[in-house]
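Scrolling down, you'll hit the structures one after another.
Here chain A shows up in two complexes: once beside chain B, once beside chain C.
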Partner chain A sequence: MSTLSRDQIRAMMAEVLAAQGKQMPGDDQANLEEIGFRSLDFSELALRVEDEIDEELNFDAPQLRQIATVSDVLDFLEQLQAA
Partner chain B sequence: MSDTTAPIGAATVVVVSGGSRGLGLAIVDDILATGASVAVFARTLTPELEALGSAHPDRVHAASVDATDRQAVGAFLKAAEARLGPIDALVNNAAIGQDSLHVHTSPDDIARIIETNLTAPLLLVRAVLRRILAKGNRGRIVMVTSVCAQRGYSGLVAYSATKGGLDSAMRTLARELHGRALVNSVAPGFFASEMSSVLGQTQLDTITRRTPSGRLVEPQNIVPVVHTLLFDDTNINGQVITVDGGGSI
Partner chain C sequence: MTPATAGGGDRPGVGQGASRVMTRGFDGTWEQLADLPLPAAAAVSVLDNLQAIRAVWSAARDDGELLVASRTRLTAELRDELRAAGLAVVDLTPDGDSNDDPGGGVGERVIVAEATAARSPSPGRVWLLTSGSTGRPKRVAHTLDSLTTVTGAQPPRTWLCPYAHGAYAWWQVVTLSLRHPGQDVLFVEPDELESWPARALEVGVTAVSGTPTFWRQALYRDPDAVAALPLEQVTLGGEPVDQAILSRLSELFPSARVSWIYASSEAGASIAVHDGQAGFPREWLGRAAPGRATLSVVDGELLIESPRRGQGVAEVLSTGDRAEVVDGRVLITGRTASDEINVGGAKASAAAVRDVLQAHPAVVWAAVRGRRAPIVGRIVTADVVLSGEATAAQLTAWCADRLPDYAVPRRLRFLDQIPIKESLKSDV
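Moving on, here comes the complex of A and B:
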């Protein structure tokens, strides 16, 4: 399975935010609630990543609830790809 | 993606499962009359559906697909989007009937009813929603369930369980997809289609007598309700709309 780099995922996350008229913060510690990145936005991002790597990234809701920052999003998608 | 608090727009490309005859075909006909495109599949294509495809070659993608064949359904959705554009709605209609007391229904038949009427629709709605979400779009989902999910009718235990399961899933999806999709069920009463033909005449006569409107439901009674859920700005979400002549009240 091919994998996307952290920078590639960050760029895709910026696309998801931009489509809603929101800006990707420069600081990866930015809080997701404050930038308006909701759980379904994470789903959209994960589906976009899946499309790129041609592999499903299924996960349970408790894992998603632990995500609070941009860095958490990037970490989690990196972990899912590596699993 | 647009503001998630804005109304979800009317459907433009609708997937209809089990759309080759009866209620499914009537829904396909209505979608086309509205000007939207339709991707329709059924186990067997009928001359009526093929005629609609010929009349609207740019707005119909029809194929013979078994709803329980996950790979075939996936390939169908991909081909439909390539031809018609992004899918933004689903009418989950395909189902098989039942006419057997639970104690006399084989385990294999129970499994088959659950696979066709519950597992396959859940996988279809999953596949459609993944396509909608991945593109940052929003959409509308309509589950065609049954009054059997609300009241007991002899001989329909597994069938009723699947329809009740779909209604429950519908409510949870409506909550889970907040802002991204309107999800509702339409629950017809018994109508004289192939689905209710599994009931005996005596049972149909009894149901008719007990229906306040005095008549069984016809597909044309259901179509306007599905139409509203697909195209109108009603803000109806997470609801089961029962169309049964008042039989269940």
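Moving on, here comes the complex of A and C:
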């Protein structure tokens, strides 16, 4: 299975935000609430990753811990691909 | 099923069978169809409409018991089930050139697998198979009489019948033609769905019945060819009928009557609406009248008490179809079991999203479903077919203006053509 790099996932996240008329912050520690990245956006991003790698991801595999920053999102999706 | 006489009296009477039927390999009246020797109780597995209408005519004339189904529907398991229910399963296999006989019949082999359970045939019984979309297909008992829902004098028409052999809608057109002289029919096969408008124009089709998906596909492929038809009657059924397709057809055929019909093997033909509007008037709910179905909506589901229901079907049938009252109309929008998409606890209606997408000027067809997603459980996604220019961002904005946030499709996939099954439905 092919995997996406952290930078590729970050670019996709920027696309999801752009579709909502929002901007991707330069700092990965930016708070999701402050940039307006919501649960639905997160779900959409995960499905974009699925579609890109053409594999179903096991969303139950990694511990869905507190996701508060851009970095948390990228970490989670990296883990998901590795699971 | 209990063997019983289905009522007799269904044999074609004077003048019946005089309508013209046209299908690949045949152009003549019912009476000119070649004889098809059938067992007294037969499930006929057909490859085309010619075989299907020969089976109908032979069984009608001989007062036989009949089930007609496309060969693709009759799985080995279903065949065994039919034989155990007392029906011989009949396959017609071409064996050489049959062009010598315009009614078909020369050079074919009739292969009969006898019933495995003996019982007396039930003369005049017609069996239909349900779609099986919610499980295995069920047999529903009718007669030619119960399938004949059009009564009284009819203006002469030439119908196009694109429906799958043996489906309830197919039988509707068949019984109309069989029982009413002057109701001619052009049958088309699944592989003729791309070219039917030209053939329909050639033979003078004036009435067409099809599912919304059938109409959308036809208008997507060749709108000019469809618009050239001198249609007096346009009928839709078999799927939820939305305002966008009704309006489009009314615009294309301003002098035609545009109708939608709610019918199924179990409920029979229960609702007919001719005002060009989606849904039916709210006042029809609870209205009881002789010969008409009594309709109600309970917990968002359409219930029907129909005099045309199949034998053995519950008097008040829970249809499994979702219904809602909007602006004085009762809209039938989809299946209760599959319509609701739970997005993080919020309930999105797939039908409502589909209707919003299909109301976009550039969208000719849309299908909406939930897709598994982290955190929220499911999110709304859609497949669309465009007839004009539109980007995913534009469609998303269109939906965002008309739907709650959680119902806006988050993944949009653009398809090159409208998916259609043999049932003429999308079923997606």
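To be clear about the criterion, the second predicted complex is superposed on the first by the 76 of 83 C-alpha atoms of A that agree within 3 Å, B and C clash if a C-alpha of one lies under 4 Å from a C-alpha of the other, contacts with A are read in each partner's own complex, and residues count from 1 in each chain.
Just so we're on the same page, contacts are C-beta pairs under 8 Å (C-beta built on N, C-alpha and C of every residue); 3 or more make two chains touch, one makes a residue touch a chain.
What you see is a predicted model; the values in this text were computed from it and never measured.
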| item | value |
| --- | --- |
| Clash or fit (per the criteria above) of chain B with chain C on chain A | clash |
| Chain B versus chain C as contact partner of A:9, first or second or both or neither | neither |
| Touching partner for A:70 - first (chain B), second (chain C), both, neither | neither |
| Touched partner set for A:47, first chain B, second chain C, both or neither | both |
| Partner chain in contact with A:19 - chain B first, chain C second, else both or neither | both |
| Partner chain in contact with A:59 - chain B first, chain C second, else both or neither | second |
| Touching partner for A:32 - first (chain B), second (chain C), both, neither | neither |
| Shared chain A contacts, counted only where both chain B and chain C touch the same residue | 19, 40, 43-44, 47-48, 51 |
| Residues of chain A defined as touching chain B within the complex | 16, 19-20, 40, 43-44, 47-48, 50-51 |
| Residues of chain C touching chain A in the complex | 343-344, 371-376, 379, 381, 393, 396, 405-406, 410-411 |
| Chain A to chain C touching residues, read off their complex | 19, 39-40, 42-44, 46-48, 51, 59, 64 |
| Complex contacts: residues of chain B adjacent to chain A | 1-3, 130, 133-134, 136, 177-180 |
